[in-house]
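Note that chain A is present in both complexes that follow, paired respectively with chain B and with chain C.
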Partner chain A sequence: MADGALLLQAVVDSLPAYREFPAIGSRAAVWIAAEVHLMFAAFVLGVPLFAVVAEAIGIFNKEDRYDRLAKEFTRLLLVAYSATAIWGVVLTFFLLTLYPRFFRYLSAIFGPSMWLYVGLFFLESFTLYLYYYGWERWKQGRAKWAHWSLGILLNVWGTIVMFIANSWLTYMMSPPRDVAPATDPTTIKVWHAIANATWMPINVHRLIANVVFGGAIVAAYASYRFLAARSDEERAHYDWMGYVGNFIAISALIVLPFAGYWLGREIYEYDESMGITMMGGFMSWLWVIQAFLIAVLFLAGNYYLWVGMERIPGAERFRPYTKWLLAILVVGAIVWGTPHTMIATSKEIAAMGGSHHPFLGVLGVMSAKNTAVNLMILTTFLSFLMYRRANKRPVVPWARTGTQIQAAMFIVAAAVVLFYGIRGYFVEAIVRIGYSVYQVLAVLACIVGVTVIDVMLGRGAVSRGDIQWGKMPPRSQYALFILAVTFTWLMGLMGFARSGIRQHWHVWQVMRDTSTSAATPALGYAAEMISVCVLIFLALVAFVFWLGGLAEKPTFVQTEATGGVHVGH
Partner chain B sequence: MNGIRAAIRHPFWQALAILVIAFVAIEFGIPVLPDSADVPASVVLQYMVTVLVGVLIYVSDNEQRWTQFREPIRAVLVEPRLTPVRWSLLAAVPALVGWVAYGQVATRVEAPPILRSIHPAPPAEITFRSRPMTLTGLENPLRAVRDSLPDFVGEGKRIYYQNCLPCHGDHLDGQGHFAPGFNPLPANFQDDGTIAQLTESFVFWRIAKGGPGLPREGAPWNSAMPAWEDFLTEREIWAVILFLYEQTGRRPRTWEKTGDGHD
Partner chain C sequence: MWATNLRIVALVLGTLGLYTLIANEIPQVQSEVPQTLALGADVTPEQLVAAGERVFTGAGGCTACHGLGTRAPNLLTDEKGTGLIGERCGKREPGKSCKQYLYESLDNPNASVVPGYEPIMPAVTRQLPPAQVWAVIAFLESQGGSVDVTASDIPAQTPGLTPGASPGSAGGGALAGGSTDPMTLFRVGGCVGCHKLGAEGGAVGPDLSRIGARQTASQIRVSILDPDARITPGFENFKGIMPKTFGDQLTAAQLEALVRFLAARR
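Entry: the complex of A and B
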């Protein structure tokens, strides 16, 4: 578009297209509303996924504690649900009043899906109310199955709602190629706009990420309750809940990078310059920060497991190995976080002969990073396996052989990862990209194979003693807090990377942002904005959880006084 | 002797030793490796923070080790016999923090560290001498004439030595005799992080548009590279690109083929 025409459009658009929000500006207002809404939404979409799984475990294994856990998860949902809706309304009103032209454009295309969204939201709300308030009433026999079905239905509504909202934002990133700036939005078929290039990768990525996020927030809630607990029973319950939340978060986290990789690939294929802006251009530094934060996740997750082994009889036999696992994780974090283009003074750049370090530069490229992260995933899995095995003595006759096969699987997977990592330096980029698939497949095959053997090994295993839930030092609980804060931060950062690569476009190459905030924000400003969003979210979450605790406390004290072991609401 | 042995086994001294060894290895060990250089301060800090986190995890993931680790710290804080050490630390720690803070804020002649986007996103389309040119999917047209490749490389070599040598150097390593005068330094084509990572269309764009044609995303950007479209023809630029890859032994990044036939 010629500059003159653009200027003309900006002048014509400036009054009716945009309005200014006091003090912080329109962009910051919409940013905060969208981000905090998204964080709450991720929580209320992620938690039902594992609440329904926990309830199923309770039904099939006839273990009441899982049922109680599922109910407590759902109680958290209830309080977070209204906050999600409130922030959703704030976002909608902000868009309507601050970006009316853009919202008019989106609603011209997606109007029918917006009506469907509202209808489904209505259904989701009432399914949630039925699910929670009907818990005690439909507790036995067939009624319990009907209740569980409500949980599944809740997930179905929630997932469709998320898919619909995802279609709006992915359209902004990757509108169908036949849509041009002059295309009348009312002529664009809704499904054509929905099924755009990045829609499904985002759907899958967010579905998994929601589980990770929900698990981490639940674990943080449990740690808060653990630290505030007044009795051993309460401490034991919340220790266990924290463990389950952390387990869910870390398990889902392991597969999340693969979904992210798919999304990145689709972005590249859709528009290479968008991909380069994200991975090699000015957004590339976000990936160094991301690497650092994910390293924190790995370290904190493993730390929690290692400290937790103190309360498992028999775990002491694995103790000597943890320091070596830690060494792998630290070296992995160093490699993963090594920037290719380093922040350096002109003197340092002159000494290096450029922005790439002649020796450390080899750690800044994809081969090294993929190798590091895959080895870190394997290490974390090994930690978890030791944790799982700690208090069991297998009795099957092939126990020794089975363990040896498991060890061989680890060695082969690590060897495959290292081989392709090193070989990646000697082939051209297009071949190297394909190597990451082999590395990932080796790690996934190892995880699946080892888990299958481990389940079979555990059949009829003799216990070395019960896990002493509640016997955890308080510092272990701070690891869970760190996990939750880091996940929240990561979500904001990566959301900015995804959204920011559109640069000065509302809809990539279709509808230009002609507002005063059209420039892509600098990374420092973005980091501050994201931190503000994280603080707002965590403060609100702390508040709603505290409120939930207030309502529940009398019930708990009463139960304890009667000598019962029931904890929670 | 026993005291040394006990210290080696003590988690506090182990932690301290790991930190010191890591710092020495990063700050002094890496630069003395063959073809290496000093590690930038920002990277040293990043590495040391990672090691520190690892050390803290090591000393605290076990109750017994954690208790042992805290013993010397506790002793310094409360035991009367360690009063001189306590006072020394009380003076030394704020002095150290002050010294670091001063180092951060003191005015220097040197330009502050900058974070540059080395490979900014290329546009999908450019105008080369007023003619539109689509970069996406663009290949070096000279490669299609296989029989004449040696001639094209020879032509590229001549153009390189006439125009590029003063900055990018005889070895194509960015060490030309003008290079020390520039910030940012001229690109080192031997580095596997430059042309080896890029498609030839990207390299064409950079040569044609030079420093003035860089997008704003990399600001502050003050590259002195001229826009060579004002001096070289399209064919000459493609020829010099052929020479760059031929001489360094690097291969250009190729375009990924997708299922729908779109490159």
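Entry: the complex of A and C
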């Protein structure tokens, strides 16, 4: 028996570094498994975050529809959870069989954290089962609070699980500086490897991105239900659910770039060459594509709000402004997508007539781009504010002054953004980089200040009429689909950026990729892979949601969606 | 309902198709793996310059910053009236030749940052093998100056050695990044999985703790390169398990270091 074990060990030790996967190759196989697993994981980590928030709103405001919404979110979670685990297993087996030496290297360092991961996965699973199946049983009094605590616990387990998995991939990007190619992996302390330079920025970035992603997928689910609805009540419920999902997605999206800046800065601080590869090297064109995708998100998100205002009495007074908002978004998107410093051959530079385009080059610099994106964020916030205010007539005595202060805040924020954007052209790069902080702070201050005033203005507000939930044209629902597809594709693109900047290294400057697929592919090939992954994910999501629908009827609220005075959202 | 389903499918496919199309329409740049440069003792300046240009515009990634006029000094065109890099490199630091200055710029770029630029350049010597570094220097010297890099500047290098090769590398690079530490080779090479050496190791193959007392250095060398040539009595059932690839994986220096180390275990 012992000889058999030793023989097995000997066989493992003599394994080749790589094995080839039939037809599509090892890299494509692992790429698909990792990406689809990540998409499901993002969904099952993002949804519980706002399921507990929705449940809390239901508890505090005593609004049953929020409680039912949270339950329906969780039901989606339940069916997606097993798909996440299956794809996780597929990824693990692919790594074990296609990249055996690399996986052995990682497991030599992270073995204990992998055991912990599995243990927490069990805890998370059973907490989820308790949370969902105990919903009706623990619905009243203290039991409800205990149930809500289970939701919190579910998020705690999920977040720790994500943090552990993040440590493995961030180690590949930014191993501690004292780790060299010759370092025996068994001598590297686990915590030393976990707490690497990019671990926490990735944790925060993914936490926020999961909320964005979960919101977008839930909104797409609701939009499908809306389009398939057979009654007005059902349509009203899913209209409202789509609104909530989209609101959560867009709100979290506004914060996401700040987490992205932090991650980018840490990458530069860890290794400049990696940062330069990311922003100015062979990946520079990726950011132009990213700008295009985010422009689509802004435009589709705003379009959904503008169309949604058609079902809100009183919103017609804001309609004349939408064309101007659209103009700002379109111009902003064009500026943001303007290429500037690209990796180029001497022939290409000569064809361009210099290192930059003689006219467009001026728009491609960070001063212009930061200005554009900050104005786009302000514009989106203004759209949301108009949506929020559409059917309200404030009654507080200082209503007029409050609105004027809000307008002044917008003007000041836009002026600060423009001032530093223009001034950025006349100062050194190091000073210019600092200006982006002032621009961001001005926008954030405006968002916070205006929201606080708006909440106070809304106290006791008189309704101009109920929101006609369900009276949305179908085209608005297709906008939600575009948002979900674009969010998912963007996630795949950013995953390629994060992973691709390691180039031909499994572990940056420690473990070289010597496989036949070591070269990092160009964006065209990456885009094809991303589209395949998104297609697989969306097809499976549609399937598991359909399965979920077979098992249980959706839970929509009849009475509150159609009757009663409801001011606000 | 089928019409709605079809519309949704068409919308999703259309959106994915559009994004994929746009990504394929922009310039396609693939990040290639740096190749080991084989430069013999009789390499000519022209060969060095040609090789350096390929590294400069390719695997070296130099054009990501140099030549754009914003992030780093122009090297191939005039830099603020000071001429091309080959013209100005010998005047940048008193007492340093062009060659010395350029090597310092690649080895320790922050030692002398050109005024007006940020210290953002990474140490290129950490990323490229010496032959490529010296080829780039020759190429830069050729930009308005004369090339004085020769084969003697390039440190002797074992053929096939790729700096930074990892424990997991297979082919194309030496084990353990070229390390000649015998214990590192013993562990990274996987010997420890089967052979016991002191307190560590498995028991699939013979115990090597006192191998020097049983075999000569020559016999040990043969056992590493051709493991099945002679099977130690008692291990006949394990014939064929030990890889026959160490002759390809180890450099000559590594093999000799390992043989000497084992022969001394008495």
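Rule of thumb we're sticking to: the second predicted complex is superposed on the first by the 524 of 569 C-alpha atoms of A that agree within 3 Å, B and C clash if a C-alpha of one lies under 4 Å from a C-alpha of the other, contacts with A are read in each partner's own complex, and residues count from 1 in each chain.
The rule we apply is simple: a residue touches a chain if its C-beta (ideal position, glycine included) is under 8 Å from a C-beta of that chain, and two chains touch if they have at least 3 such contacts.
None of these values were measured; they are calculated from a predicted model.
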Does chain B (first) or chain C (second) touch A:Ala295, or do both, or does neither?
first
Using the touch definition from the top, say if A:Thr322 reaches chain B (first), chain C (second), both or neither.
first
Which holds for A:Leu360: it touches chain B only (first), chain C only (second), both, or neither?
first
Partner chain(s) touched by A:Val156 [first = chain B, second = chain C, both, neither]
neither
Tell me the contact category for A:Arg512 with respect to chain B and chain C: first, second, both or neither.
second
Give one of first, second, both or neither to describe whether A:Tyr478 is in contact with chain B, with chain C, with both, or with none.
second
For A:Glu272, select first, second, both or neither according to whether it touches chain B, chain C, the two together, or no partner.
both
Under the stated touch criterion, which partner chain does A:Met114 make contact with: chain B (first), chain C (second), both, or neither?
neither
Identify the partner contact of A:Glu310: answer first if only chain B is touched, second if only chain C is, both if each is, neither if none is.
first
Dual-contact residues of chain A (chain B, chain C) 268, 271-273, 275-277, 280-282, 284-285, 292, 341-346, 348-349, 354-356, 429-430, 520, 523
Would you pull the chain A residues touching chain C in the complex into a rising list?
6-7, 9-14, 16-18, 101-102, 104-105, 180-182, 184-185, 224, 227-228, 268, 271-273, 275-277, 280-282, 284-285, 288-289, 292-293, 341-346, 348-349, 354-356, 429-430, 478, 481-482, 485-486, 489, 500, 503-504, 506-507, 509-515, 518-524, 526-528, 530-531, 534-535, 538
Listed in rising order, the residues of chain A that touch chain B in the complex are 268-269, 271-277, 280-282, 284-285, 292, 295-296, 299, 302-303, 306-307, 310, 319, 322-323, 326-327, 329-330, 333-334, 337-362, 364-365, 425, 428-430, 433, 473, 475, 520, 523
Chain C contacts chain A in the complex at 1, 4, 7-8, 11-13, 15-17, 19-20, 22-24, 26-34, 57, 61, 63-65, 67-71, 76, 118, 120-122, 126-127, 162, 164-173, 176-177, 179, 181, 184, 187-188, 190, 193-194, 202-205, 238, 241-243
Please name which positions on chain B make contact with chain A in the complex.
30, 33, 35-43, 46-47, 50-51, 53-54, 57-58, 60-63, 66, 110-124, 136, 173-175, 180, 183-185, 187-188, 191-193, 196-197, 217-218, 251, 253-254, 256, 258, 262
